[in-house]
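First subunit A sits with subunit B, and in the next complex the same chain sits with subunit C.
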Partner chain A sequence: MHDSILDYRGFRYLWVALILSIGSIVAYLWHDPIGVPNGGSWLGYTLGTIGALLILWLLWFGVRKRRYSGATGSVRGWLSAHVYLGTTLILIAFLHAGFQVGWNIHTLALVLMLLVIFSGFFGVYAYLRYPAMMTRNRADSTRDAMLAEIRELDGQTLQLADKVDKSIHDAILSSIQHSQLGGGVWAQLTRRDDSAIALAKLKEAVLKSNGESKQSKSGQTMVMMVDFLANQANDTQSENLRRLIDLVSRKRALATRVARDIQLQALMEIWLYIHIPLSLGLLGALTAHVLSVFFYW
Partner chain B sequence: MKWFIRRVIKKGKGSLQFEEEIHFGETLTIGRAANQAIFINDLRAALEHARVVALGNGRFRVESLVAAGVRIDGRFEHSATATAGSAIEVGNLRITLVDPPADFEAAVEVGLVDKAEVAAREVSEALPQSLAETGLRKRRWSWALLLLTLTFGLAIPVTAHFVPTLRSLTKDVPAIGMSTWDTGPLASAHHTMANDCQSCHGTPFSVIADDKCIVCHTNTKAHADPVRYALPEIAAARCAHCHRDHNGDTGLVRADQELCSDCHRNLTERVNNDTQLANVGDFGTDHPQFKVLLPAWDAQGKFTPERVSMDQKPLTERSGLKFPHSKHLNPEGLKTPDGVKKLDCANCHAPEPGGALLAPIDFEQHCQSCHRLDFDLRIPDRQVVHGDVAEVQFTLAEFYSKVALEGGYDDVKAPVFVRERRRPGQPAMTAQEQRDALVWARDKATEMTDSLINSRTCTVCHTVSKDPAATQLGWVVAPVRVAGAWYEKASFTHAKHATMGCKDCHAADLSLSSADLLIPDIGAVGSNNAVAPYACRDCHGGENAKHKLGSTCIDCHGFHQAPMPLRAAK
Partner chain C sequence: MSDIFEIAIVGSGPGGISAAARAAELKVSHVLLEAAPHLSNTIYRYQKGKHVMAEPEALPLRSPLTFSAGSRESILEAWDEGVAKLGVNIRHGAEITAIKKLDDHFELSIGRKDKVLARNIVLGVGLQGNIRKLGVPGDDAPFVQYTLDDPDEYEGETIIVVGAGDAAIENAVALAKQNQVVVVNRRDEFARAKEGNLRNISKAIEDGVIECYFGTAPERVDKLSVGRKPGRLILNTPKGRAQVLCDRIIGRLGANPPRAFVEACGVVFPNADPSAVPAISAKYESNVPGLYIVGALGGYPLIKQAMNQGYEVVEYILGRSVEPADEPLLRAKFQSMAGFTSVSAALEKVQTAVPLLATITPLQLREFMIDSGIRTPKAGEVLFKRNDYTNSFYCIVEGQVEVLVDEAAGKRVALGPGEFFGEMSLISGRRRSATVFAGANCVLIETPRRSMTKLINSVDAVKKLVDRTFVERAIRARFGDEATAAQIKEVVSGATLQRFKAGETLFREGDEGDCLHLVRVGSLTISRTIGGRDIVLSYVPAGNYVGEMAVIGGSKRSATAKAAVATETIRVERDAFRKLMNQNPLLRAKLAQEVKQRTAENITMQAAASGGDIISFLVGQGLGEATDVLLIDESLCVRCDNCEKACAETHGGTSRLDREAGPTFANVHVPTSCRHCEHPHCMKDCPADAIHRAPNGEVYIADNCIGCGNCERNCPYGVIHMSAKPKKKPGLLQWLLLGAGPGPGESPYDPDSHEKKAVKCDMCKDIKGGASCVRACPTGAAIRISPEQLPEYAFARGP
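Here is the complex of A and B:
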């Protein structure tokens, strides 16, 4: 049976994380420090050492995953441990600090660590959910194949539009020239695609060629085009227009799928642009934290 | 207007073929329709796609006739001004405006757009379809954040540690300098140093040295003699072992029971019985009976109180005073010169200004309004002073001398000339009479003094004895101590017990004699204090006591209390 990063080897690392967490909680409750619980008690130093080593090990995952094989288990096993032990780190860090926070480099390290971990949670969600959605969305095709198909459809649409009406050809031409997929970070994440604009332009052109100057109140492009079809005396024209609508709709569906593919791909990746830089920021803050507390012991 | 049109046709292997034609007209039309000046056989062109209008002086306006527009010098436009050199692209054709040859007003060169060029342009103009194409860079941001945190978290504070100028510059700047290292608020007593890390933190990577503490805490005493008890816990431990700052006001001073019981629960073993202290663990369950400081005086009359266990029986207080509390607290009231008065504790016992102990009893303030020191029934408003026998006798001698001289003293035992009042005009006393008067006065004074001290007044409260060697004319009045600290090793304060009534702890209303010790003991079984409702343990328990006030050692005892300096001389 296929196991995911979460149930790898029968939740092996979930158990490791749980044992570590429960052990830390029991030690924290049992420990009776001088004064209030803080990072400077022996348990504070112990949990701090465990936490710092965990962070270094978690950072090492960035190195490990670039290697295809290693003597220390599969990348999938590493990722499973990365997720569970990374989550445990939240608890260990707070117990280490005795829940003390302030406006200082120490709490900055904590905050960066939490941001890294929570961005990682999104990563886990993305890795568990989006690949299946991408596969479903692509429907046995690939993005390149879909883009090629769109280009093919564009050519066919132009040919057909030319047979229907000059203004419709113009509209189709304009929409092909101006429709583009993808864009900046925000556009990719929010799945902006202008195939709807293309349809609206087509609707305008249809209205124009039909001699109507005002917009149809029904507002629905398809409905309006069906009206247009009904008004056509020429059967060939009707047939051509029907085929044209079919082509435009197919293109729209394809463009939507490509945009969705781009969006899912971007969602799969965007958290890494937070997770990785912040984890390096954490490394810096952690180094400063550890060195400073011993510099001013 | 005459246009020169040159068509460039690629023939493969780099060879070109030119076809030239002439077009007459104001405009040069471009499109897929047969009637266009420049015909384009490409569906990406409209039938009538665009036109070029000559404006004269080598300038042209290019207008798109369709919504799709035309690409002029690489950019889609609907209308633009162009000059020689501008390239117009429609469909697969590129129409370049060129300088016209002689006899022509305008000229264009028409050719197919190179396929490789189109492909390259498609790539360069395509919108990013992945995050990597948008210019986001993980590595760049990673390095930036790493350097940022190391700079502000480490480099600047470390530099500030070594460079005083930077230190003072960044002193009050948030997020820059050493304040970024601050692990938490200092205890309020140390707030004056909050901006100056180095008043405590010295050599890097070494723990805070005691010398830094002793700069201010010069008078702090040792816990025990560091030479006699050279235990690591007290003689060698650093101040910061117990005093941990940067935890606000909660952490600096230890108040936990373990601070003491760690050693004191088996102290006798630890120091091989070289101590007078008993083992103590928990106040509620493992604390010896209190030792009270009973008033006592040595042979020379010096106050030398004895520490006696509250378990000792009988336990007699020797205050030196005869004072039945019950009589004074009679609920019916007391007959006084001012009528019947009901007394309560506060009539005599007031707290000291600090609130810890009670102020001493003052005879003139608390007693004399009832216990008058008058001496002669015939002159009841005259009183002698309190507390000085010689002064009393001296006062009486003066008083009766005056009486003898003035006469009119109504006492059958007195000489006649003392009994008769002298009037103006009467002959003066003879010398013999004067001598007799003086003898009478001296005898009367001595008699009155003896009577006051020995039988009438002083002995009501004081124990008086005769000793020819005593300074006070042979009278010895027993010394008195009625208020003071009863438990010298603990710091009890009445102020913190103000919610209690006096009688809750001191059963004064039931005490018939001043020999009763009205001080509560630790409480519980075998208590001598059973008559009062409350002893200490009735309310106070150990640190983890349930249903009682959790009290630790520090609530009553000090830590730095030995009479030696904090560190043994080296």
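Here is the complex of A and C:
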């Protein structure tokens, strides 16, 4: 009952796109212009006009999407058509130009169009693939809930660390101050896991406070913490440390999930930052193309 | 002490205060007894600055005091002034604990010692009830309180919260931010709390933010004069006695509904239903002569009604007659009836024509008629269509109507004067089962759901008649195609109504099949135990029957039937049913066919067992009582929140759905959004009767909402918010091109406005093209389904 953008209404717009494509190919093959096929023939004009209208309509999607009380169809139907007819543009544009490309304003339009379209392909891929991954990653929680829990864990960790040892407290405090989720676009996409850095610092602190200078062979923070624990004589102290380890690892697991969540969300949005500006650039280039054709041809 | 007042008025709500003011105006000896230290405690406790509305608009006000829509403060001030000017004799802090009838007067006990005598009593104690105290020695110590206005007021204290309901939890969690909080819970869990609150408190306890004593009762409160804390609470825990030193104790134990007190005064309620109101005469007198009831307690939940009654009741006590304030409204209503002379004649005509209304009191009849409409449709006009979701109830005063019982064959059944119809949808909460046409010259009374439900719950005779008719019609509709009236009657006479709580079992796999159940309210799940696990095979909404397989086959139950929500069924005994089948070979063939089909379906379902898990999950999320619910496929949802933006954009700036909140199972996500319940919980206590159901099933809130917040509390799914209207914003293209105003889906409401009203999903009933959320979803992740589609949906998703 949920159909995706691709199989909307039994692939209705795939068929529309196919018919349009086949029609254009047949016309192109049957059409016999003087000289080489190009945009200047009557078929060229026709296909160019179809292409330009399609582009305007594709751009209009940005408006329709926000006309929430608009009664013309569902946004899903629009997007399904957007995807299929947008793809058809590749063919239509090349047929229109008679496969001639040079270094000029016309080709700029073509290149921009192709970039928009290929970014669109990535968008479709992202839309079909990442949502399920996101759900799995969230494991029935929400990002806000996870962030709230992290904040709480931070508070508890600090309180506890205070009881254990000053150096550990300092390490945790500075790690909390440094840890950050999200951030700039790049940080979001590369999902830097700050809590790993925090743990590294913690490890150092543990080592120092333990009075040992030997490096851990495994390099595992957890192991270090446990080592430290074993060396402590005080019972409540070791109980506190055990709880501290629990808290830090819980936080780390959560932070990893949130970072992944942010990354996936960013992946689902980032391409629109190419798709939309370039589609506006395309509008400019296309206008220039059409004007230049009318003035100078 | 020895003088006897002519009138003692208990409670200074709008009803009581208006009565007292009228008595003072007429210089009648009177006393107004109010438990609180101020007037009108119910209104006093509204949130600060609340805009109070003066519904119903058409009703004129009749009282020596003024009242018109305005802020809570201005209304209370006007009343304080009015009461002072008229010289009302008022006693504050006078909680009436008992009323005793002596020979020709009453004795009212105030608290534990004081007494007042009066010849007549006007009881206007409202429905809010008295706040429950801790009930232990010392529960009135200065650091013990029973309300909490602003949790942020307290800081660095040790506070004990006693109670386990939503209010207790909300207070405890809010206080824990700046204080040390201890919660005392009599039980071992927080059973009465809403889902969200339960999560918050469990987490706070788990994290050690709040300390909770479970299974613990307070034993005594001690004031301390030494040490840092002013008091201590002695507790009786399962492990023995404990003491907690504290700065403050907050008791949130709810309120005692006033019913017990009222019954102790000798007033009789018709039945045990919590919504039942005592029967009172046209002059507001209860069954105890001299004891009058006005306002919310008598079933009139609005301020203006209560004030009018307060005025009228004093007139009646003095033996004068007044035209009730609602007389003009009734006159306007009856005017359309041919041969109208006077309201009282018209009321009498209605009561003699319709046996269903014969036993109700004159006051009930008046109220019933005020809420109802008189319809005089043209012959052939459609009153309602089959599959509409309307739920009003019709009585026929004159003429007749035709019910199209069999659409295919065009078979119609006529109903004549005195009969009623529309009870099926009213009771089941489901679509109309047939189309009804008006006959020539007919006069009908159409009554909205709330008034009819109230009448059914208040008058047993009405309930009995409606139920019997329901059973008879339901059985005839389901099994009576070709049976004779006598045959049907035999089955009906043995049929009984049965109630099941959510989760209760109707019958188990392997039981003897001794009866068949026709579901009339609620819904069922059908399951089988396979490999030691309960696998849900199907879902049965109201209007269908179960258990026919075993009855027909004469064998054991092949599956288990459980109530998905609170459910009522008509139980038809096996032998009576078999007899009916033997007399009607066609029915037998039809049922045999159905059995075959169900068996086949069950086998396919069994193969796709994960579909059953989805059904169980969705039923757990309230689909068992839904008529239409928003589901999001998380494998398609790109989290763009376009659905929420669309909702906000089409509904004055507040989204009625919260996409992210709500549980997910097998990628099916149930966002926090209205389920449009068959029997909407939100409708239960709406004083303004502002919540309605539209023909397509949408449950919506009309503009006459008074913002009391009852519905927000009553909805178990947390989908109602109180919200003010947003400021006007510029159009879309202006935003796109110029960046003017807030963007799509954002329009913060006016923070200064106190005129908050309840808002919820109305399924975009006024927007062409249907639900905006679904239409705005770019990927097809959001859909709406009805419970009928549930099995199909679930099994399409099961791998």
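We take it that the second predicted complex is superposed on the first by the 293 of 297 C-alpha atoms of A that agree within 3 Å, B and C clash if a C-alpha of one lies under 4 Å from a C-alpha of the other, contacts with A are read in each partner's own complex, and residues count from 1 in each chain.
As a convention for this text, contacts are C-beta pairs under 8 Å (C-beta built on N, C-alpha and C of every residue); 3 or more make two chains touch, one makes a residue touch a chain.
Note that the structure is a prediction, hence the values are computed from the model and not measured.
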Determine, under the contact definition given at the top, whether A:Pro277 touches first (subunit B), second (subunit C), both, or neither. first
Can you tell me whether subunit B or subunit C touches more residues on subunit A? B
If you stack the two complexes on chain A, which partner ends up touching A:Glu152: first (subunit B), second (subunit C), both, or neither? second
With both complexes superposed on chain A, which partner does A:Gln265 reach: first (subunit B), second (subunit C), both or neither? both
Between subunit B (first) and subunit C (second), which does A:Tyr130 come into contact with in this model arrangement: first, second, both, or neither? second
Looking at A:Arg252 after the superposition, I want to know if it touches subunit B, subunit C, both of them or none. Which is it: first, second, both, neither? neither
With the two complexes superposed on chain A, say which partner A:Ser4 touches: subunit B (first), subunit C (second), both, or neither. second
Could you tell me if A:Gly102 is touching subunit B, subunit C, both of them or neither one (first, second, both, neither)? first
Where subunit B and subunit C land on the same part of subunit A: residues 143, 265
Subunit B residues touching subunit A - in the complex, by the definition given at the top: 43-44, 46-47, 66-69, 76, 126-134, 136, 138, 141-150, 152-154, 157-158, 161, 174-175, 179-185, 197, 201, 204-208, 241-242, 244, 247, 250-252, 254, 256, 258
Mind listing the subunit A positions that touch subunit C in their complex? 1-5, 8, 62-63, 65-71, 73-76, 78-79, 126-128, 130-132, 134-135, 140, 142-144, 152, 156, 265, 268
Within the complex, which stretch of subunit A touches subunit B? 32, 34-36, 38-40, 100, 102-106, 108, 112, 143, 155, 158-159, 162, 166, 169-171, 173-174, 176-178, 180-185, 187-188, 201, 262, 265-266, 269-270, 272-273, 276-285, 287-289, 291-297
Per the contact definition, I'd like the list of subunit C residues that touch subunit A in the complex. 207-208, 631, 633-640, 642, 645-646, 649-650, 660-661, 663-664, 667, 669, 732-733, 736, 744-745, 767-769, 772, 774-781, 783, 785, 789, 792-793, 796
